[in-house]
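Below are two complexes that have chain A in common, paired first with chain B and then with chain C.
Presenting the complex of A and B:
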């Protein structure tokens, strides 16, 4: 059609373009993204619980960041090696140690702050790994089907029946103490299978939708259909699994540390719990026991709440209008 | 226009047979014949209606013509090219020429994509112009389908639109690449009667403005009559009657077409139409070669109907019917 060449002379079009640029302050593609993002934030902030989760997360993030400060003030605040020379045994909160000290006089507050950092690292990276692998495998397996599906799903079956915690225990016995990063990789590689299963089944139903067929008729490639049409529609599930994944990764790390298989070179909340328990202070030093326990629960909660709120943002049908 | 007489789509002996998944316990494979030996020609700018009851294979025809499915047999020429053989670059070109409008506008738009994303997708995939150009085309397409002003609709999600508006978006997506041939698979059957006429008129208007040809699939004879230049009636995967709309509606030859026509209600409670009834028997296994497909339901079958499958016979000019008895009736 010749009409398309008349773009520069179409007054209505020029008016529309001008209006759009004024509204977003940006032109073209970026303007559109800016509008979309702003819209998403508007929806997110209406969800009270999601905001609460976000606030919690920000607090934990702030904790993780401030964990670098105490050791700079005084070397005795170093969570791992810093020892208060005046203190010989665990002690409740004082002016010098706001949350008290552990059995060799290390500051509990600075340990707690570092613990947040470790929880973030372990939780987010492990969950992200698991969800990224699981979602990709699920999408590809579900959309391509046939032999690819066959092979990928058998691999997933094998991974799924591996007893996770036991495997980690055996590995740590064979290799020696596992570093936090090894742990992250193992958790990621063990947890993707269930995500892949769920995403695959969702993909199987989505690939028959007319809008996918409309995309095929438009000439869209397999990759485009998988990642642009089906992908975004399974993302809420992925997000949900991400929140679960963060939760389990943190819990697995805590459990391992508590059982004494943690990385002895890092301070985590699980390690703190192990030290309380090992030194027999479980019921004698609540100032030592409670903070890491509460932190583990709250960080888990915050990820869950955020996941729910994001689900609402990504799934337009959940929105209330 | 002389060019309008050119044949755009030529379907020869189209057949689609689905083989059901084999049961582990039974040796035999079961087959379902969805479409059998269908021959259709569609000219440039023509609206060809394919009418039939549910399960008659009309949708399958549309899906094969848009290459969503592979035919089992037969040839399909669109602009003189056999579409079964298309690959790679040529297939992309085909995708630009042939577009489809789906039945359910609530399902045919991706719920996570804005109207702009949806309508722009074919342009992105086909690498038409730069972003600015594409946006202009999308804007223009929305204007053509009467979503006005387009700026108000561009960044909406499908759930923020009504059924009629969604179907308009679907139409915009189909035409933004300027196709020659659009397959409309029951485009109004999911819409309210009040919106229906709007969409139908839009489609008719587009035909005159852009010179589109349609394959218009519907179960509703009234809609087909309103829209189509020619109508093909399909029963159990086989074309039973084909002809110009007025002739086919005014003077049906095949008993199935007569039955269909007599089932269309007259909007007057006192008017009584002469009913053309057919036997409502369960349809047995399909026997395409050995007898007439309509035989189990036909009230007026003769001996020959049991022995031979009827060929399409020209009963009057440009009007074909596949019934042994249609010439006598």
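Presenting the complex of A and C:
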């Protein structure tokens, strides 16, 4: 009876996949990929907050892309160096400057658009780095166990209790102002520990699975088992943690720029807030104070919402019945 | 004596971690480009003078000796003098530390309590309008950009409505007046504390609430909840006594893990509100290239986080008798 049921279930699953494959119109490996993606998308799109996050993300991506346009129209729209010759001090929205200008007459809208580019750049690369390190450490630590595990996890413990932003502050005092790329590397080096923890526990359970035992018996090397057999199975989890990592990375960059330690060569949202705060315009210029803060909060919200929706795709237990 | 042994082990670990952080910081300051003495060395000094100055700071000695001296001074409690204030670092820090602890612990405790009580209520009413609206509020609170919400609150409540002071911790005139009683002083500090506290509360509330909500929903699936129902207990009893108590445990764990992250926010809040704490002092010291002060302030904050982690661990062991060490 049990066997019959399993067969029946397998058949249903195959039919389901076949149906999907026909719909996607792709065969072979790509067809299978498309099928899996379709299945995941079906779950994802039931989460309304996740969809909202996705819409926000698309808007911000559009902002990042349009950021190239204003400087082409007129050099005074250059976010860093463009100055409107007619305006000497901050001014509210006008026809020429939809969101007004900052304290030396630079266009706030063009700065806001470029800020999206910086946020994506810092957020995604830093999170990618943190997740790449975290996943590798977690896999190695979980599979090798024993002393390697102990040492790596103690290191992770210490990294985890370091107040990241303050350490970056100290670093920028010692090294001098950090460029965006240095900042990305440092955030990556500081934020991997929690990912490593999660991947490690996942690895611990995966390494007991029959297929890993089979790989060991057939003589696969440790590296091959870790990265070829176990690795792909933890990747969904890594991806999930990457979306959350983007949130933290963006917030850290923005906070640093806000405190006045940002890369002086870029315009980011945190930097814009610093300018409005330091030039004492925060009570006078809501058109300048509100947009950057709204953007930072919404972009982090968007990645966070997407992360939560992905969490439901990966962990079936979280789904609403 | 299980708990005693556990505390001892964790305390040792914390001391070791602390010395590793100390070493890291030492290495960082030495491998960094630029001589630590360059702050005091004048370009017009003769090479001999430069040598004398370097010797004065102990920079002519090999690195390992410098490290040992650094350790020795640290253990003896000699932290050096601040470049900026010209006072011993320990004095400055000693003044600021209580202020930080006051603001930070109050905000964490308040937001954790509020997060737990709201989380349990909305998990209980899963799927209701209350659930979805409070969840959205929590999500927004969790992802808000702290400096921005702080500036907004200052703008609305301090500048516009004039309800609270713009910044600082005390009103100097009030404190200089010898006739002011202790109650007035306390009230004055509280009055200054409302805004920074609300900012930190707004930022931390969401995270705690979301964790409590998901933890509570997991707990409600447990068998003992069914048992409690079968026994005929009231809904309120089940929620408060059986579910919420167990569900709150993961919140305590997260509390420990997120401390390092929330202290960053604490430093930013202190800076914006000119709250005289060590976070603000650290930001200040970094802007002024005041290395001794920055170093010690950072170490102290790290120590604070480590100790707070220990407290959370012990609290956890106390709250959950199932935990064996």
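Methods note: the second predicted complex is superposed on the first by the 243 of 321 C-alpha atoms of A that agree within 3 Å, B and C clash if a C-alpha of one lies under 4 Å from a C-alpha of the other, contacts with A are read in each partner's own complex, and residues count from 1 in each chain.
The definition used in the following text is that a contact is a pair of C-beta atoms (placed from the backbone, for glycine too) under 8 Å apart; a residue touches a chain by one contact, two chains touch by 3 or more.
Computed from a predicted structure; not experimentally measured.
By the touch criterion defined above, A:51 reaches neither chain B nor chain C.
By the document's definition of touching, of the two partners only chain B reaches A:219; chain C does not.
Once the two complexes are overlaid on the shared chain, A:289 sits against chain C while remaining clear of chain B.
Partner contacting the larger number of chain A residues, of chain B and chain C: C. Of the two partner chains placed by superposition, A:132 touches none, neither chain B nor chain C. In the superposition on chain A, A:34 contacts neither chain B nor chain C.
In the overlay built on the shared chain, the residue A:164 is in contact with chain C alone; chain B does not reach it. Of the two partner chains, neither chain B nor chain C is touched by A:80. Shared contact residues of chain A, touching chain B in one structure and chain C in the other, are absent. The touching residues of chain B, counted against chain A in their complex, run 66-68, 91-92, 95-96, 98-100, 102-104, 107-114, 116, 121-122, 125-126, 131-133, 135-137, 139-140, 149-151, 155, 157, 159, 170, 173, 177-178, 210. Against chain A, the residues of chain C that register as touching in their complex are 13, 17, 20-21, 25, 28-29, 32-34, 127, 136, 139-140, 142-149, 151-152, 154-155, 159, 214, 257, 259-261, 263-264, 267-268, 271-272, 279, 282-283, 285-287, 289, 291, 294-295, 298, 301-302, 305-306, 309. Taken in their complex, chain A has these residues touching chain B: 1, 3-4, 7, 10, 12-13, 16, 19-20, 28-29, 32, 35-36, 209-211, 213-221, 224, 229, 232-233, 314, 316-317. Those residues of chain A that touch chain C in the shared complex are 49, 157-158, 160-167, 169-176, 194, 247-248, 251-252, 254-255, 258-261, 270, 273, 277, 282-283, 286, 289, 292-293, 296-297, 300-301, 304-305, 308, 318, 320.
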